[in-house]
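Chains: A, B, C and D, in written order; residue numbering restarts at 1 for each.
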Amino acid sequence: MMLDVKWAVKWLTMCAQAMAEHRVELIELDRAIGDSDHGENMDRGFQAVLDKLAEAPPETPGAALKLTAMTLMSKVGGAAGPLYGTAFLRASTFLGDAAEVDPAALAGALLAARDGIVARGKAESGDKTMVDAWTPAAEAAQAVAAGGSGNVLAVLVAAAEAAEAGAVATDPLVARKGRASYLGERSAGHRDPGAASSALILRAAAGAAA
Amino acid sequence: MKKLINDPRSVVDESVEGFGLVHADLVTVSADPTFITRKDAPVEGKVGLVSGGGSGHEPLHAGFVGMGMLDAAVPGAVFTSPTPDQILPATLAVNSGAGVVHIVKNYTGDVLNFETAGELAQAEGVEVRTVLVNDDVAVEDSLYTAGRRGVGGTVLVEKIAGAAAERGDGLDAVAAIGDRVNGNVRTMGVALSACTVPHAGTPSFDLEDNEIEIGIGIHGEPGRHRIQMENANGITDRLLEPVLGDLGIASGDKVLLFVNGMGGTPLSELYIVYRRAAQVIADRGATVERSLVGNYITALEMQGCSISVLRLDDELTQLWDAPVHTAALRWGV
Amino acid sequence: MKKLINDPRSVVDESVEGFGLVHADLVTVSADPTFITRKDAPVEGKVGLVSGGGSGHEPLHAGFVGMGMLDAAVPGAVFTSPTPDQILPATLAVNSGAGVVHIVKNYTGDVLNFETAGELAQAEGVEVRTVLVNDDVAVEDSLYTAGRRGVGGTVLVEKIAGAAAERGDGLDAVAAIGDRVNGNVRTMGVALSACTVPHAGTPSFDLEDNEIEIGIGIHGEPGRHRIQMENANGITDRLLEPVLGDLGIASGDKVLLFVNGMGGTPLSELYIVYRRAAQVIADRGATVERSLVGNYITALEMQGCSISVLRLDDELTQLWDAPVHTAALRWGV
Amino acid sequence: MMLDVKWAVKWLTMCAQAMAEHRVELIELDRAIGDSDHGENMDRGFQAVLDKLAEAPPETPGAALKLTAMTLMSKVGGAAGPLYGTAFLRASTFLGDAAEVDPAALAGALLAARDGIVARGKAESGDKTMVDAWTPAAEAAQAVAAGGSGNVLAVLVAAAEAAEAGAVATDPLVARKGRASYLGERSAGHRDPGAASSALILRAAAGAAA
């Protein structure tokens, strides 16, 4: 099975649904160790993505992700806007104008997204950021894709599960990047909101392929 | 949550629209993307100054747009840095050819968004320099954090760099003055109560009736530590000590003392804090040459204040005194 | 109660002392009895302007002492009118021989204490006139009350009468201008939260999370009625309607629109209220010629605002525009 | 029995004690329908009276009351300062420099005080002000004095009781003078703070004579 632009649009639509549904939860996470805006920003950003998708339906998965990147960049603001913008842009660049995405390309795109976040934000694993969701996700995707089963769904489910585990694993960490880092030790005991939204995004990717 | 708003999602647009109506003689408001420029921008031959950041800190930044200070302000959503597609057109609008300085408070979001906008502007042939403001001594261990935050010192950087641009300094000189102010100012703040972000609807943190947060920023985030309520003199001492210590203020130094309200504290209390701070500085043998007291960089309706001290030299003093005509700071004109 | 104070009983003294330090170029602070005079008082040949009242409304009145506005301010204890033994020396200190105008907000205490001081000053040979400010349309039935209260309009009376005195008007003329402003301004306010008087320690009234008080004054007293929370446009309409109605604002009228914060409401929200008020006035065919938005007459940290409308004529507009140099209002100099 | 300057000083001392003791209660009454300052102002005022009495001990009851009048006028502020100032001043004038006060003079002084408050504040009975304590008090004093029993204590006890009843009787009234009048109907159901402090002052007068 290969992923096409329909999947991409469904993914982004499910992202928008997930952000709307978990808006308050993400605000609450950000309230604890940040400035209470993450859920609002992500919700606003993905609603704008929906509008753009309706205005000018993309023709390839790469084009859908590029449109997403530009929209998030111009509508989200804060730290998450440029970081997610870069992630989607790098993934889009990786996919080029291919009409279909196979497991290897998929895993490569996820890794490119992760690398984009790291390049932009300079966070390392364990800094209690979205990187702690994306790195295990990209690695899990690579592992499944390398296994050669040829199943894009399996790649995405592995990525989503790893991202979710990665987000949960941020709970005890002390933040060293982003706004939560100002709290020092007091940031421990709370989940990183960006890692949580990353897990939602990757779960939506799997959901759209199911 | 009780606020004089219509809809959490239209807060910034409606507020900026009102601001534009009140100050139509000073500014032009552009909607979609939202930014505010000085009425007479771009000013021929002058370096342009652009600042911006999340909303909720009013009068910062829009209140500082005008002669002798900023050429443009770019407000994001509440507590959310603006996006490159706002910052870029603001930058282009105030570029007279002499280049543009971005004054950026050191937060990951602000830095990343201004960085992108700066690159895009450069690509369009506009020279851009960035002055990063990071004056918050509450952030102790900047190695293990995103670095010191930009707080109260931002107002002083904007005023003084603005005066340098107004007198005709070139791009690098204006940026250098901004950096010099940033290098000589330190700030620390306290919150007596939290604030409520409109879209969140609940206070940004919970404080008991007898607790205060020391070392807060301007985004309703909790501070470095929580202590039992103290009197104004005690709190002032706690804030001022690290500020003076970090700056190494010694006998003979001349300073500007800035007591800033976080939005929900009466002016009368700020003067009580000022009184003590001035005493402590005098006891060190330093002289308060210039002062500013009021709500200039706020965190919505948060109760509390910040104390900033800027070490002055003759040039900085002169630039501070230079005429300024904005909604929130005005003198000499 | 959490406040940046040292002792409820020293709040006014310490705050005024800090004010004097910050604004030493503008004012002289006299302690025991406490009053604040313009640095260059008495100004040769000029009618003196004295106002005062309870503290807790800062920047009113001390923040309005200076060129083009008040010659002296007399602060009482928090929400308590000052006493004749403060008002009298302030009056004598600013009398250059041209006489003194007392600007008095219409509260029983203020009226009685200024009345006594005025008589004492007259007995010492100083001509005194009194301008009584009573602009609050929330007080509907003035026959069965102590009469309308003086609220937001006070700031406009002080600015415009101050400009008249500064241009050299005589005693009766200055008082007449003050009366004219008072006769042409109306105000109404809303509280979203109460305030806490330092010595009382508990909020001045209790409001549920979804309730607001319409028609409040500036002393933390409850208003005319309590309603369910509404959005900013709805609240603005409620405040503005009686103001415009009572003034009889009609098509072609020119007005000054003053949106005043009660102390604890962010500036950004005041601009949202202003935006709506300007729309409503425009819909009536009247023109907003001048504006003022900010915290100018407050009730400690109360959340809420008041809306004042002043019907302008050419002379009042000119006097409004005249240069003023005080801690809280400054332009043209 | 006649009242002398010792009584007057004791009265004023007991006033100061009463104001300190009932400070919070008077603040609370004023909080409900006013601006929360009455207890604070009365307490500050009578403490200042104590200081003045110690500085320059008066020689006659009239002198003690005059000193009180001047001190309240310059230390209390608000509505109560000038009103009580006038009351004590008129009572002092009525007593002149007599060394002793008999029941008739006492009742006359109380009436003069009441008349001073009315002259200054222009309130009528039933307006929910301190007049509602002073008018019945002055009348009760007159009645007892006119009875000719010659007992100053009885005059003062009657005045205190009438003032206390008068204060209680303000509860249901709608205020028509002073700050509470702004509340309109909402002022009903609360005791007038000035009537309450007046009752305290008159109870202290009786206490000092007991």
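By our rule, a contact is a pair of C-beta atoms (placed from the backbone, for glycine too) under 8 Å apart; a residue touches a chain by one contact, two chains touch by 3 or more.
None of the values given here were measured: they were computed from a predicted structure.
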| Which chains make contact with chain B and with chain C at once? | none
| remark: In whole angstrom, the CA-centroid distance of chain A from chain C equals 54
| query | Using mean CA coordinates as chain centres, what's the chain C-chain D distance in Å? | reply | 32
| said: How many angstrom lie between the centres of chain A and chain D, each centre taken as the mean Cα position? | reply: 75
| request: With chains as vertices and touches as edges, which is it: line, ring, star, complete or other? | output: line
| message | For a test of understanding, state which residues of chain C touch chain D in their complex under the given definition. | response | 9, 33, 54, 76-85, 107-109, 112-113, 115-116, 138-141, 144-146, 149, 197, 199-200, 202, 204-205, 217, 219-222, 224-225
| query | Contact residues on chain A for chain B in the complex? | reply | 27, 31, 33-37, 40-41, 44, 73-83, 120-121, 176-179, 181-184, 186
| field | Complex interface listing, chain C residues touching chain B | value | 2-7, 11-12, 14-19, 21-22, 55-56, 58-59, 63, 192-193, 209-210, 212, 229, 231-233, 235, 263-275, 278, 288, 291, 293, 295, 298, 300-301, 303-305, 330-333
